[in-house]
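Order of writing sets the chain letters: A, B, C, D, E and F. Residues in each chain are counted from 1.
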Amino acid sequence: MLITRKAGFSASHCTARPDWSAERNAEVYGESANPHGHGHNYELEVTLSGEPDPVTGMVMDLKELKGILNEEVVHPFDHRHLNHEVPPFDRVVPTTENVAREIWRRLARRFQDGPPGVRLHNVRLWETADVYVDYGGEDER
Amino acid sequence: MLITRKAGFSASHCTARPDWSAERNAEVYGESANPHGHGHNYELEVTLSGEPDPVTGMVMDLKELKGILNEEVVHPFDHRHLNHEVPPFDRVVPTTENVAREIWRRLARRFQDGPPGVRLHNVRLWETADVYVDYGGEDER
Amino acid sequence: MLITRKAGFSASHCTARPDWSAERNAEVYGESANPHGHGHNYELEVTLSGEPDPVTGMVMDLKELKGILNEEVVHPFDHRHLNHEVPPFDRVVPTTENVAREIWRRLARRFQDGPPGVRLHNVRLWETADVYVDYGGEDER
Amino acid sequence: MLITRKAGFSASHCTARPDWSAERNAEVYGESANPHGHGHNYELEVTLSGEPDPVTGMVMDLKELKGILNEEVVHPFDHRHLNHEVPPFDRVVPTTENVAREIWRRLARRFQDGPPGVRLHNVRLWETADVYVDYGGEDER
Amino acid sequence: MLITRKAGFSASHCTARPDWSAERNAEVYGESANPHGHGHNYELEVTLSGEPDPVTGMVMDLKELKGILNEEVVHPFDHRHLNHEVPPFDRVVPTTENVAREIWRRLARRFQDGPPGVRLHNVRLWETADVYVDYGGEDER
Amino acid sequence: MLITRKAGFSASHCTARPDWSAERNAEVYGESANPHGHGHNYELEVTLSGEPDPVTGMVMDLKELKGILNEEVVHPFDHRHLNHEVPPFDRVVPTTENVAREIWRRLARRFQDGPPGVRLHNVRLWETADVYVDYGGEDER
């Protein structure tokens, strides 16, 4: 069984490599390379897999999950400029792909010793209402 | 190929075990243990798998599917207090996980002798705009 | 200028008059008269009118508004059965119309001595994704 | 990793087989067999699989993907009557299932020689807010 | 107090004047002049004004309102080609503006002798998720 | 009659007065005063009033309106940091209230000599899915 909880954060980013010229960044990333940055209301859907506890009927306490999402993602990312304030985005270009992967890494740590039988299954990150990324930790397996 | 149809119902529930004290229920389920109950506009997405019929181009007649959803879920659940009026929730705590599993069971019966090649694939149940559960009958297999 | 903030709460209600027979309630209110109650994810949109402060550029601090909505509506209504736990709905039938009016009354008190020039302008209450009520305090004027 | 982009088009269709009588079409397809046609604001979600390029952090340039969706789907389908103007729907009944399969075919061609490591993974087509189809090219494999 | 109910219908239309040449229609209406027609999932929001009945707490019985919307709009418009099957759109170009006005006229008839104190207040018609029209009967007053 | 068209842009901003200390800005604007900026997917709804032309049935050509919104708002605001790149937000704090007023000013210029009988009626600006502002040019009248 899968259970999914949403969370959101409003952040700025600039998709450009610091080791490239402005021209090359504009060529590859277009308007998103604007060094002043631009922003999004990111929407996150975090999916866990597990079996409902036969006594409580719950895969996991959703208030506890909300607390983890706030600690690992919402508080550090919300109202921030990702490139300047949220590592590793000082070094890693914060494309939606890379932001989703970083969120996976932060959350995966928390579920290693988490409730027995509960595993982080998928991170879906919406950058706008038209674009989203799904990441399930594939390249770590 | 997968085809999904949505349906909705407005119901009350109380997530608490009748064999536990009020204190223990509050500790485990928080505000949702309130014995007076509270409610949701549940949203259901039912997904079938199958191949489109080469003559009609349809996996299944969607009006027929709508009829099944109404008979098995919407009519018995809508405008009801799940714990008091919809078995087995007099005995089984109606967490989103357990409600999704019960919906799967009710629908799975209907697709056992259903259109050839069409199988119930997934039940997604949204409790609020921020939380949903996916169930595909895993523990029956 | 108008500024609107949303909030939500999940509650149960039963639309029936205690001084009527079950038959008459069913005749007038249909399935919503079910005495066990049913529930909704209510969505609220609260609109204030005012001029942006020339120094801060804000009609009102939105965090302060959020605090008022939580105190007056979300905390007392969320996870509650309106008829049994939220006065005056022990005496007043909690139709969407009456719930919207009660929310107006609770909020209007808070804006009487509120920030100068800021007035409560409208309360929009969605009971489902298909039905909403707008109330602007007309019958108090 | 999966990346999804949405696109939309407004089109007419009529689900009826030209080799059947009006009566038989009405029996099988109901109101949708109306020969004058009716229409939808179709919503499309196209999902690609691939690994983010280690240099750019992108699975694929989303502007390039938008261009492909416009060329293959939006421009030929938008503001059209599918049965009369968009082959093969002069011969193939444009059920949601068949439209999704046609969109897969048009897009799959474009990704055969596309960016290395990027594959078309899924086409989701919403006909209304309540019905959608997912197709992943199963019957071609 | 205002109360609003939503309804939807899927229809085709073609915005072109029959007394104009194809060229002139294309010049004025663009792609929407395509004589084969195209279609939309129209969304309708009908708003009534009135005071809640002091006994029932309702402006109007919403099931009765739903019945009126079905009779006057959904059944005659859904799964139809407006220009060919829904008068006056054989003579009147079915722009969103004109469709909203026709819906107002059909509904206004029903509320002339309707529940005392209840008036049709506004018709909002969404043609797509990006465009809507509001009409309140201004030019009849 | 009113006709509304939506548009969107993704931008960064920082709500802080340059003539105030960091402490005072944090006290008044909270996290939004973060000088690195944060961002939003702003959603804009622009409403015009007018009568449908008796010949074309349109208040205004919506493609022309889209062109105006792109020229005046989307192109200058999208993928920008409002404080650094979009005047007057180098001097005026870009609260939602002030951004809505600036959008009104830019659009109002365009409708002064616009199609006869068509007036800019309202600008609604959503900063997040929970907060929006409506501005109708009140303080210029």
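In this text, a residue touches a chain if its C-beta (ideal position, glycine included) is under 8 Å from a C-beta of that chain, and two chains touch if they have at least 3 such contacts.
No experiment lies behind these values; they were computed from the predicted model shown.
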Chains touching both chain A and chain E, listed by label:
D, F
Top of the farthest list for chain B, CA-centroid basis, is F
Quick check for you: after a Cα superposition of chain B on chain D, what is the rotation angle, between 0 and 180°, in steps of 5?
120
Farthest chain from chain A by C-alpha centroid distance is chain E
Same interface as C-E shows up in which of B-D, A-F or B-C, over half of contact pairs matched?
B-D
Chain B-chain C contact: same residues or different, taking over half shared as same?
same
Any idea how many Å lie between the Cα centroids of chain D and chain F?
34
Centre to centre, by mean C-alpha position, how many angstrom separate chain B and chain F?
42
Expressed in whole Å, how far the mean CA point of chain A lies from that of chain D is 29
Overlap residues in chain C, where contacts from two or more other chains coincide
129
Chains grouped in pairs wherever the two touch, ordered by label
A-B, A-D, A-F, B-C, B-D, C-E, C-F, D-E, E-F
In their shared complex, chain F is touched by residues of chain A numbered 8, 10-13, 31-32, 34, 36-41, 78-81, 84-85, 128-129
Report the residues of chain E in contact with chain C in the complex, numbered from low to high.
1-7, 47, 51-52, 55-59, 61-63
Going by the contact rule set out above, which residues of chain E touch chain F in the complex?
15, 17, 28-30, 92-98, 100-101, 129-135, 138-139
